[in-house]
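Here come two complexes built around subunit A, the first alongside subunit B, the second alongside subunit C.
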Partner chain A sequence: MKAGQRRSPGAYTGIPSWIYVVAAAGGLLVVLPLAAMVAKVNWAQFIPLVTSESSLTALGLSLRTSAASTLLCIVLGVPLALVLARGSFPGQRLLRSFVLLPLVLPPVVGGIALLYTFGRQGLLGRSLEVLGIQIAFSTAAVVLAQTFVALPFLVVSLEGTLRTAGGRYEAVAATLGARPGTVLRRVTLPLVLPGLASGAVLSFARSLGEFGATLTFAGSLQGVTRTLPLEIYLQRETDADAAVALSLVLVAVAVTVVAVSYRGPRRPPAGPFGSERRTTAVPARDRSVQ
Partner chain B sequence: MTFRRLRIAALLAASTLLAAAVSGCAPGPSGNPAASGTPQRSGTLTVFAAASLKATFTRLAAEFENRNPGTTVTLSFAGSSDLATQISQGAPADVFASADTRNMARLSDAALIHGQAVNFATNVLEIAVPAGNPASISSFADLARPGVKVVVCASQVPCGAAAESAEREAGTVLKPVSEESSVADVLGKVVSGEADAGLVYATDVKGARGKVEGIPFPEAGKAVTTYPIAALEGSRNKELAAAFISLVAGSDGQKTLADAGFGAPPAEVRPSQ
Partner chain C sequence: MSFRMEAAVAARGFDLALTVGPGETVAIMGPNGAGKSTLLAVIAGLLHPDSGRAEMGGRVLFDLGSGRSTWTAPHHRGTALLAQEPLLFPHLSALENVAFGPRSRGESRRASRKTALHWLGAVDAGGLAGRRPAELSGGQAQRVAVARALAADPGLLLLDEPMAALDIHAAPLLRRLLKRVLAGRRAIIVTHDVLDALMLADRVIVLEDGRIIESGPTRDILQRPRSRFVAGLAGLNLIPGTLTEHGLTTAAGQDIAGQHDSILDTEAAAAGPGVEEWSGLDAGAAAPGQAGVAVFPPSAVSVFLTEAHGSPRNSFPVTITDLEPRGDQIRVRAGELSADVTPAASADLGLAPGMAVFFVIKAGAVSVYPA
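The block that comes next holds the complex of A and B.
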């Protein structure tokens, strides 16, 4: 918390001027390649390229699967974040480490792991096949792959918000006779809604960009499993213009999503890491109490 | 004990040194087409080769280094179109070996090829099935049976184009469950048992060493893939590049390629060695 208190608005920052130069270089590293790609766009052909049947199908599939994955992330991620932030049980730290693992795993590793779980010969896949459920090569496989990589974004984001919000309001509600279910519904969730929203948006963005796990686990078939990143990867083989045009579409969607998530209500909710969030997301009156 | 071990280690080290010294001083093996004439070659050669050439070119590169002490061959394997794009964007390569003539033509049109490309191998499609052939596939027509999960390459990549012409030739319309962007992805789906069958190259079946079974089919003969190799205009060691190409196109290279399941190049453009 100390670091947060030092960063009150209008305070002396003390950043040496050369830091700005290096920071500018860092910014350029991200912006310059994007600018170079925009410069490569064949504008005359842009509309036909991005509205071709295969492109629209891929974009539609990407949006649908990402929405489904985000929903699944919320359903599974909110309880996980609650358990991690509020609960107390042996192996909690271990659980947190495992939940965060997809953040740092190469997506292709995630794909291989999913394959050996839900694939035909996999751990669960064999039983599922007996039940008549086949996941491999289906849109469900895409959603699973996306959820796998996107879940940590929601969990980390929400856990940070939960910790920042503290448990005092909940304690008060409980002393007034509210049952745990009521507290969760009426106090906790409304309190952390901004964090949940930004976590969901980040999960959506991550799902939209998912490539490696999908390619390894779900395959690539137009309208079924070929999402926009896979379509770009394939178009690049024959039609560089189409690949660039589609990349720009994906960049535009991503920029919109990030812009939406950072334009939080009143305060900018920080990135996916809870520790950063603590410094900004606490309402001022709460900070004085702490 | 430790003392004895040390002595053995020292002995081993000494003999290795001796062997290295002897082979370093000795002239290259006789009857070596690549090294004859100019025995003193040196430098680093960067070879960009199609992913399907990984096993053979790794072996041939080691052979090249053995025959030409002082040279180092650096290999980069990827999809042919990826490599062609990298080269046209200025990647420092000396030799390019493509899995199709189209990507070689792309570089040739852009004047990035030094001299003439040489066709050095061919490859045909085979049906790959998981070990045990669970779906009992025996012909190309079997792939169209309902319920059979077939994986092919997308038509944008060479193996997919070959699969399409095989389909036309057989008059069978496939309903693949996935159209992958590389033949390695197709093979992976078959090896893992996710797919009942996949269309891959004969060399992929051989390279999978028993993890998949290969079923040749006659229609594949109409969709033969030709592999060209060429030195690049941007190469700083064109003589070394030419020597490597001679090794690949020469009898030793051809034997290594044939062992891996590649077919002989089309006769009319075969280089006079």
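The block that comes next holds the complex of A and C.
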């Protein structure tokens, strides 16, 4: 927010020049494959390819399930982030490790774990089956699989913001007579709204790209569980042009999502999620001024 | 209707008891880490003491100990906290910030706005009602924070160095404002500035290592310091030791001749409430063998290059550690002691840090009394 935190052109950076070369290689590793893919797009057939019935069905399913997963991530992730950042209870560190596990776990493993929980023979699945509820290989399974892999993104992002914001505003609010529920609603949540928003956007993006857990736990039924990544993988076998065109759609969505969550580089970068308290507490429009 | 508290926090070596009468403002002073902020946090309910009891106006704030575990949550205590930084909620306007307390108390939107406008007016910030905290200067924000704390109608207002983060121009303004709004209001103000204690408080309590070492009316405390900390605040030299017939003997065995100061003892004894909290001995009883202090102003100290003889005088061989300008004088510091000399005298003597000199004080200028 302060002008001094933004590097003015010509100021001393302290970066050796060879670092730029290596950094360029790193950037190319990401950009080059995307460019190669874009070069392969059959532009003449692009519109028909991405508007084919199966494509639109997959895209619609992806957007709907990702939106539902994001909502579920917010509902479950906000309390998780709150107790991890502010609470103090035995097993807190263990809980954090487990919540973050899906970040490093291969999604297919997550899918198998979900299957043994909610599947027909699973831990909870058997009881649910008695109640007439079947989750595995349904759209609900897609949402669950996506939530499983996306939840840590929201929790990490929000927990970081909560930590940098500190608990001092809440303490003042309490001494002013606000009960904990009021403090949460009128102070904590508005303060961490930017962190919550970027966490939600990241969760949405992760949900949209989920493949392994979805395929394992939900299968690939057109219109029911076949999301866009699954559709792309399937098309790749038969119609490479369609796969490339749909991939471009996903890239476009991803780029939009990233652009929305990181408008302009923020300085100082206190990790990818939070920044210092002032910036966090200031609406996004301040960040877009560059 | 008093506020009474005694509390111990073992982890911080904190153990003290205090009382604040209705309408009384008490200043808390002490070196860093003395437990000043711990005290406020315990009162506000932000920190659980290990044991103790506090009540305000007949209501128990906490009662903890063997078999007792009454705890009133911070939002039920009526102890609004004003911190060093304003901590205005950044997403709310100044008006909404001030209305926060009344709203939390259950006032309607309209009524709370009215209350907020009243208190904004009371701190001369009526024109800032619509501003966001980011659009306020440090002094303006702290004024709004004062209004916000007052609007919560606290039974006890806690101020934690409210002037410390303000610049040199904003601080006097806020001090005058606080003098106005604290009149007749029960408050505890933690401060590093003796001016705050003099201007805002009826009484000062000095903490050190989590305990009360001095307590009483601000003027008396400053006139008769019993600790190095307060002597430093009052700009006086203080030497602790054991009282003798004609003065005091230091731990190192040096005799200091001085005047036994008993007039002020009776004054302190008659000073009324608060004095009983002071953990020292009975005022007035200055018996030899008792712990005591010798106190004298730097202006009473002369600096000599050679030992000056003749009674009744005290002469201390010292090594100069620092010279600093102080008004139209030069303050000569030598460890814990200081002397004020004229610049001309300093130049004549060729004073410089590291020099060995003698600090000489007439016995008549040294006050000796029990610590």
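Basically, the second predicted complex is superposed on the first by the 251 of 290 C-alpha atoms of A that agree within 3 Å, B and C clash if a C-alpha of one lies under 4 Å from a C-alpha of the other, contacts with A are read in each partner's own complex, and residues count from 1 in each chain.
The definition used in the following text is that contacts are C-beta pairs under 8 Å (C-beta built on N, C-alpha and C of every residue); 3 or more make two chains touch, one makes a residue touch a chain.
Keep in mind it's a predicted model, so treat the numbers as computed, not measured.
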For the combined arrangement obtained by superposing on subunit A, do subunit B and subunit C clash, or do they fit?
fit
With both complexes superposed on chain A, which partner does A:A136 reach: first (subunit B), second (subunit C), both or neither?
first
Given the touch rule stated above, what does A:R179 touch, subunit B (first), subunit C (second), both, or neither?
second
When the two structures are overlaid on chain A, which partner does A:L221 contact: first (subunit B), second (subunit C), both, or neither?
first
A:E237 in the overlay: touching subunit B, subunit C, both, or neither? Say first, second, both or neither.
first
With the two complexes superposed on chain A, say which partner A:Y169 touches: subunit B (first), subunit C (second), both, or neither.
second
For A:V201 in the superposed arrangement: first (subunit B), second (subunit C), both or neither?
neither
If you take every C-alpha pair with one atom in subunit B and one in subunit C, what is the shortest distance in Å after superposing?
49
Can you tell me which positions in subunit A touch subunit B when the two form their complex?
115, 119-121, 136-137, 215-216, 218-222, 225-226, 230, 233-238, 240
Per the touch rule, the subunit A residues reaching subunit C in their complex are 168-169, 171-180, 182-183, 186-187, 190-191, 193, 281-282
Would you tell me which residues of subunit C are touching subunit A in their complex?
44-46, 73-81, 83, 87, 89-91, 100-101, 104-105, 134, 148-149, 152, 154, 158
Show me the residue ranges of subunit B that touch subunit A in the complex, using the header's touch definition.
79, 81, 85, 149, 151, 154, 156-157, 176-181, 185, 188-189, 192-195
